[in-house]
Amino acid sequence: MYLEAELRSLVRELEPFAGRRLEPDRLAAALRLHEEIDGCRAALLDARPRLAVADAELYALLRRGEWLWPEDHLIELREARGRWPAGPVRPGVPVLVSGYVPEPPALFEVLEGAGAYVAADDYAAVGRRVVRAANPAGDPWQALLARYWAAPPCSTRSADHGERIRHLGALLDRSGARGVILHVLKFCEPELFDVPVLRRTFEERGVPVLYLEGELEAGLSGQVVTRVEAFVEMLSAGRAA
Amino acid sequence: MALGVDVGSTTCKAVAVDGEGRVVARRVEPTDPRIEPQVERVLRELREEAGAEGAPVGATGYGRKRVPAARALTEITCHARGAFAALGRAGVLVDMGGQDTKVIRIGPAGEVVDFAMNDKCAAGTGRFLEVILGRLRVPFEEVAGQVARAGRPVPVSSTCTVFAESEVISLVAGGEPLEGILKGLHQALASRVAALARGSAGEVFMSGGVALNPAMVAALGEALGRPVQVVPEPQLVGALGAALSVL
Amino acid sequence: MILRRAQYELAGRVGGPFLASLDGWKRSLRARGRTPRETPFGPPLESLRKLKEIMTAHYFQARYADGAVPVAWVTSGFPVEVLRPLGFHAVYPENHAAMCGVQRLVPGLSDAVEALGYSRDLCSYARTDLGSVVTGRTPVGRLPRPDLLACCTNICQTVLYWYRALADHFQVPLVLVDTPYVYGEAKPHHLAYVREQLEELVRVAERISGRRAEPEALAAVARKAKEGTDLWAECLATGKSRPAPWTGIDGFFHMAPIVALRGTDTCNAYYRMLRDELRDRARRGIGGLREERHRLLWDNLPIWFAVREVATLLATRGFNFVCTSYTNAWAEAGSRIDPADLIGSAAVSYTHIILNQDLPNRLGILRRLSREYGVDGAVLHSDRSCKPYSIGQVDLKQMLAAGTGIRVLLLEADHSDPRAWSREQAENRLTAFMESFE
């Protein structure tokens, strides 16, 4: 199939640069490592409403996974589970955030300051990359492809709207989120095209939606701060959209 | 002799030049909404002052089509001509006006090789500084001194002039030092302008009213990583070019 | 069903041409008694009348298509040759959106879908089409309901999201032909992938149309498509004459048949006629402009709502667009079609259209066109809502100017949304550009 052929072709091009061949054993070991990492990340994200940690700190940890050697990231993920034991549901208004990347980080401080926290994550760079399927034993190439297909539905991978809606519905139910923030970055087309169906879906469920448009490099603008604070105030008062 | 008028959206500039193309009389005024009477008066005054009765008129700027002139050319062409006449060599001219910013690559014969304009957004123009400095009540003469004294620049991130104004007010209210804010403003503007000029190699010149602000000249030089030479009488470059085009 | 089919045929053969001639008669009535204006353009093409007749008939017939024949809504780069032998009436939302652009209907249509949450930063064709579907407003009377949506990503990824929104709205099957982007050369497994999708497309289209795709029928359509493509290329090639016998803007309008009627006799007959007229004008030295002083290349889509304005501004000073990368794309798209193997050759041909290949290839095309058509300047339209065509233009501009020594202008606008266009600033830039030639 095409994806497999394309990945194999990519590997053949990378091998001369790396100066070595891709050995199945090493691929299998890498897959196991990343499965464990995803397991830790999933546990943190799922338990989030009961973790006494600020969003800013949690996201800093999760984003470091994009920079660190995976082995080092796994170490700090394991430490985090110890440092942040699950307790009672934390105070604050729980929200579900769906978007592309959690930038700028200052956004989480604003949320916290307004009295809310991210109870459920559907960021393309975070939650939508956490694969939860178990690794079937056998050919590591097939396992690699299976992981790709098993990732949560994402607009950037042209996911079916039905799948996205089901996935977000489950996130909403599990987390108890009272509102949704659609955090869109200029000009991410796949995300922008999904906005109408997501808005419609949440409206039908009676869940208030905040549409937040940001830019990648800019700092947090007064407009964004005001919108977030007003949204949280609205949710806190328990008024419907 | 010849006359040149540059009717910009913010200021109206006019010059009279002699047979050798030297400026012998000049005017710079805020543009009146009623352009025609203003231009008529200015040209009449210049004619008297310079003894240039009967001299042809060249016009440029956004209002050029409303001027009875022998020739009307865009500011791009006129700024290139004016700068080349003043400096006599090829280079990259950055003209920062009230409401637009242009980068013009001038060739060895004074010809326009290429140009880029920021004519979509005031945040890359003189209006950006004007609005915010006005709001902060900092007189133009004091700006350069304040920026020079500043320590760390306070970043101003809004890409919109109007929103930047709000942002700056918040920064002041938050206790940030005024000099740092002014420095941050100049850097923000310089980086936008530098983006227009970055691809062009060569010597950099600057014209337009904003070039009278040494802090802006310095900030632009920093952003480009090259020294910036201000064209003498930077506001008159366009009008000069317009006059030369009919001489 | 039979009655509906009869209506459909009558509409195409009689109704449409009648409407077109009525329109022509009205125009000539209005024109009578008016003194001819000073125009920088040469005499209008005779063929234009026939073009209007063909396209009017096409859209008039479309009103009666649903229920008479299977209807497919199709992207401009889709291998429509596969659908024609199955009797599909093909509708081109992009062509329809271009008409809406020319008639300045886009802001109203876009507002309707912006209210649903679609961002204004999305492709203006998509907003126009979805807006038309949602409001029912269209300048062509009525568009037929699709039985099939056919989308090929060779022109952009946007069509995938756009057509999926259409599929959600109409609840009909969407067939996708995903063409991997070509860096350098397409790899065998890329072409095999595209081929597989075309084979699946045939199965789905057969099911919906209730007909089998016979090899002879496919071969016949393939021959016509190839011939039409070659004829269009011959029309474009007349632009190499000095003066060019037509303007680049003419090309944008006369392009409609090769896009919307590719693979039909009507299309080919039209381009034979147009080619002969253009060659005749070239022989007699009749130009698209009265006085051609400078020759330009245009890159990217046209600015549909300002096409005449821009052309006139430039023509007044003797500047003509003698070639465009956009019209040229349709001389290349079908050029590798092989009647002996329609499916396989379509996979190759449609994977290699300009927008599906890398920047070095695009630069090569711009350089080649500049050289072959003897241009001294180029305008790269930085199209606000067409990212795939606009990305890289800043670099292309520098590289094109450096390699060829021609003057290149980057002009920001949009292909059909006038809200992303500033007339004053654009005219100023174009004027400054023209002055730099003097």
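We call the chains A, B and C, going by the order they appear; numbering starts again at 1 in every chain.
The rule is simple: contacts are C-beta pairs under 8 Å (C-beta built on N, C-alpha and C of every residue); 3 or more make two chains touch, one makes a residue touch a chain.
The structure displayed is predicted, hence computed values, not measured ones.
If touching chains are joined by edges, the resulting network of the protein chains shown connects every chain directly with every other.
Chain-level centrality, scored on Cα centres against the all-protein Cα centre, points to C. If each chain is reduced to the centroid of its CA atoms, chain A and chain C end up 40 Å from each other.
Once the centre of each chain is set as its mean CA position, chain B and chain C turn out to be 42 Å apart. Centres computed as Cα averages put chain A at a distance of 48 Å from chain B. Put simply, chain C touches chain A in their complex at residues 113, 116-119, 121-122, 157-158, 160-162, 164-165, 168, 180, 187, 189-190, 192-193, 196, 387. Interface residues of chain B facing chain C in the complex, by the touch rule stated above, are 62, 73-77, 111-117, 119-120, 199.
Chain A contributes residues 215, 218-219, 221-223 to its touches with chain B in the complex. Put simply, chain C touches chain B in their complex at residues 394, 398, 401, 407-408, 410, 412, 422, 424-425, 428-429, 431-432, 435-436.
Listing the residues of chain A that touch chain C in their complex gives 2, 5-6, 9, 155, 158, 161, 184, 186-187, 189-190, 192-197, 199-200, 211, 213.
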